[in-house]
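Take a look at the structures below.
Here subunit A shows up in two complexes: once beside subunit B, once beside subunit C.
Moving on to the complex of A and B:
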């Protein structure tokens, strides 16, 4: 790590610390009623308490579970469908209009449909999260497969590579930057929809925790939940970009 | 065979007998436009044939027909007496745009490995073969590099190594050095000549560089444009091995260059 990277990292931590300090100041000065705004000290205490009792950990794991399942299903389906649609021009022209209709559909409009179909259940949450998270992945995969360098297909033809070998040795790695970018976007979508589903269907998770805390004016608990959600978002994005950097080492190695 | 090689004063060169690549009456229309018209051409095994012509005359298209990537509208393209209906593993193509023809996510050895994997070579045998091929093209110390970390000349060498991994009977080269600087280009010309001498392969080499064509070839064919057809055919009797200085100073070289130059000028007029 060189000096300037260190410098910028220190600067960004300083800004974050500044915000926390400002928050503490506002809370201490009672500019906002403590019923609604706890200080960072109280939020932190609530976090510690929640983890000590195990409640918050359960909720955290619940949210992570919803998010992971939905994201996993969306990834598998998105990449498989995207590969099929993206690698065939005919498929693209047949399917693209339907996709264009479905894509801008707000997921919030799909939730009542899902509730009618599955009830207030885990399956409903899985369906909604997967439905919402599939789009970035599906569209990125279609684009990635459609943009494979045609020259490489000619190389594959002259080497008599099998269809399977072409998919796994040429198309998939070539589309991997797009696919990974799609996966990074959709992990965030999955988090948002997990919270929404937990709130709407009362499923065990941070969304439910946040809702109950707000309703009973436990502002410190509410903030603890929100902070934890922020941390999940931050860490998953960080993990995805680390995976991306590792897998796409070949891209950044240019002069 | 040996006797003839001795007479030719080159280790290989064209061998008599049946043509290895045979175009007979080949016409190709693409999108209702005639690209090539009535091309008949025999390439002998071991021959180094160069194709030149003004841009847009269909040289690359002719090469793609020889590779089996295109099928003629009429006429036939045959390889070893059998019609070419699809690309063959023993015909390797070196594309001009090496940057697009290599897998950027594979290292140099991974790219060579692609051809070996496709031929079904056991994983245990690949490493030694890859080392040997990379050494052959002068990249023994770059096995772990990605194409993006290599210069243009190195990338083109890598593509050549992958093509040699196919153990081709015929090597089809589409302006392989067109994008390289003059020094790199001359170095690669000599390397290709010695690689070809060692491998016995037939070569069809498309270029727009007249001197390159004369320097490398046993024979040069010039195409006329719109539609592409054969306009000139020159046998190159310059002694081998060729040398960047003496060959290019040879009066016969200069005469041939003049002849081709006039041909191109006339064809563009």
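Moving on to the complex of A and C:
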């Protein structure tokens, strides 16, 4: 069984390699102008060159920094606000409908407002990323808190637990699957908004890098940047699902 | 007891009232805020001179064109991957390598290849819409009751008939859910592309309002974009419930 999984995985990699070879062939035959489509060899060379000179690493760290700060602020604020709103029925009925109305709002539409308030600065990016990334976590926390088994609350009441103790000992653990799912979603949102903010405000990062490369028609550098963004997207999603599996182990171990 | 509907409206109304009173009390002069009455006036004005409608049309055209193209591609691949497990396993690495690329990262590539305008926006929206539809369709087709497939084999249905008569009807509720999610993504990506770079549609209009130091108009656009997002989502949700009843709710937890 395990061996066949391995074989399939190898075959799958071979297919992917085939696509890269096809890409190389198209680029070599100049079926598409090299201005738009560099071969994988040139993109790879540009990646190596960028990392050797430290340029690309700086941009990569810049993007990661924007993402991480915004996501971190959003996580803290989202879970705290969500806990506050979710743990009280009254708050839920007054606040939750407004939040549901705001949820489908395309988050990038607040960028102009943020620019008007903060100018083209790091704080603008932080605000936009945090504002965008907060929704999945906020709504997931509220939902998770609302869905706590009511008997657990009854137990807590009969034990005379304080509201804080109820939140930390009962509601948060029971809502953790929802919260972690929200956190995973918002990592993706944070990455996208980081790139948009870097493009708009010229902040140091991969978004700015790909835009500058495009403006000067350095397509190899452009593809190197896009590949790196894909790698960030892949690795952050992978890391989140690993954390999720780790933290939620207790659930699958059964009652 | 206050009815739930009124409770829901209380918070936004209070905030709007406080904003209005505060803005009048301090004779607000700001580049980023405006009293709600001025925002409402700007909204009406933008509708009257037609700029709002043109911008809305441009954004929706790009979003829906991208959604249709991306949806068609995602649907075709999703069904193929759901039916042929060999194909699914072989494509796994390729798909997992391309999928995590943030759609907005393609913006510079689309820009140099296609220039400004509808086409580059549609391509980016389509790219973003392919993935949720592909993944959910694949799961929906893979989750079809195996006996249905046995029936189709026993009836010797041709491959086209099998897709048309068995697979699509059986997977339709979850495919519709995928389209609902993708429609939201399409609108988000379209507005984002316009804000970042493309000089058409609502995103460009809201940026222009900001640069013209018209906070009232900017916030009016923001409100309108929010309203479109809200009605798109609610409309599709109502349609989903109406078309598929309880079956539609099953997919939501997936």
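Throughout what follows, the second predicted complex is superposed on the first by the 241 of 255 C-alpha atoms of A that agree within 3 Å, B and C clash if a C-alpha of one lies under 4 Å from a C-alpha of the other, contacts with A are read in each partner's own complex, and residues count from 1 in each chain.
What we mean here is this: contacts are C-beta pairs under 8 Å (C-beta built on N, C-alpha and C of every residue); 3 or more make two chains touch, one makes a residue touch a chain.
These figures come from a predicted structure and were not determined experimentally.
In the superposition on chain A, A:250 contacts subunit B only, with no contact to subunit C.
Of the two partner chains placed by superposition, only subunit C is touched by A:8; subunit B is not.
Look at A:170: by the touch rule set out above, it reaches subunit B but stays clear of subunit C.
Of the two partners subunit B and subunit C, it is C that touches the larger number of subunit A residues.
When the two complexes are overlaid on their common chain A, residue A:159 makes contact with subunit B while staying clear of subunit C. By the touch criterion defined above, A:80 reaches neither subunit B nor subunit C. By the document's definition of touching, neither partner reaches A:25: not subunit B, not subunit C. Once the two complexes are overlaid on the shared chain, A:200 sits against subunit C while remaining clear of subunit B. Legend: residue contacts after superposition of the two complexes on their common chain; A:149 is shown touching subunit B, with no touch to subunit C.
Comparing the two interfaces of subunit A, the one with subunit B and the one with subunit C have no residue in common.
On subunit A, the positions that touch subunit C within their shared complex are 8-9, 11-13, 15-16, 19, 35-36, 93-98, 101-113, 115-117, 188, 191-192, 195-196, 199-200, 206-207, 210-211, 213-214, 217, 219, 222-223, 225-226, 229-234, 237. Those residues of subunit C that touch subunit A in the shared complex are 4, 7-12, 31-32, 89-94, 96-98, 100-109, 111-113, 184, 187-188, 191-192, 195-197, 202-203, 206-207, 209-210, 215, 218-219, 221-222, 225-226, 229-230, 232-233.
Chain contact summary for the complex, subunit A toward subunit B: residues 149, 151-152, 154-155, 157-161, 165, 169-170, 173-174, 176, 248-251, 253-255. Listed in rising order, the residues of subunit B touching subunit A in the complex are 67-69, 86-89, 91-93, 95, 97, 100-101, 103-106, 114-115, 117-119, 146, 148-149, 166.
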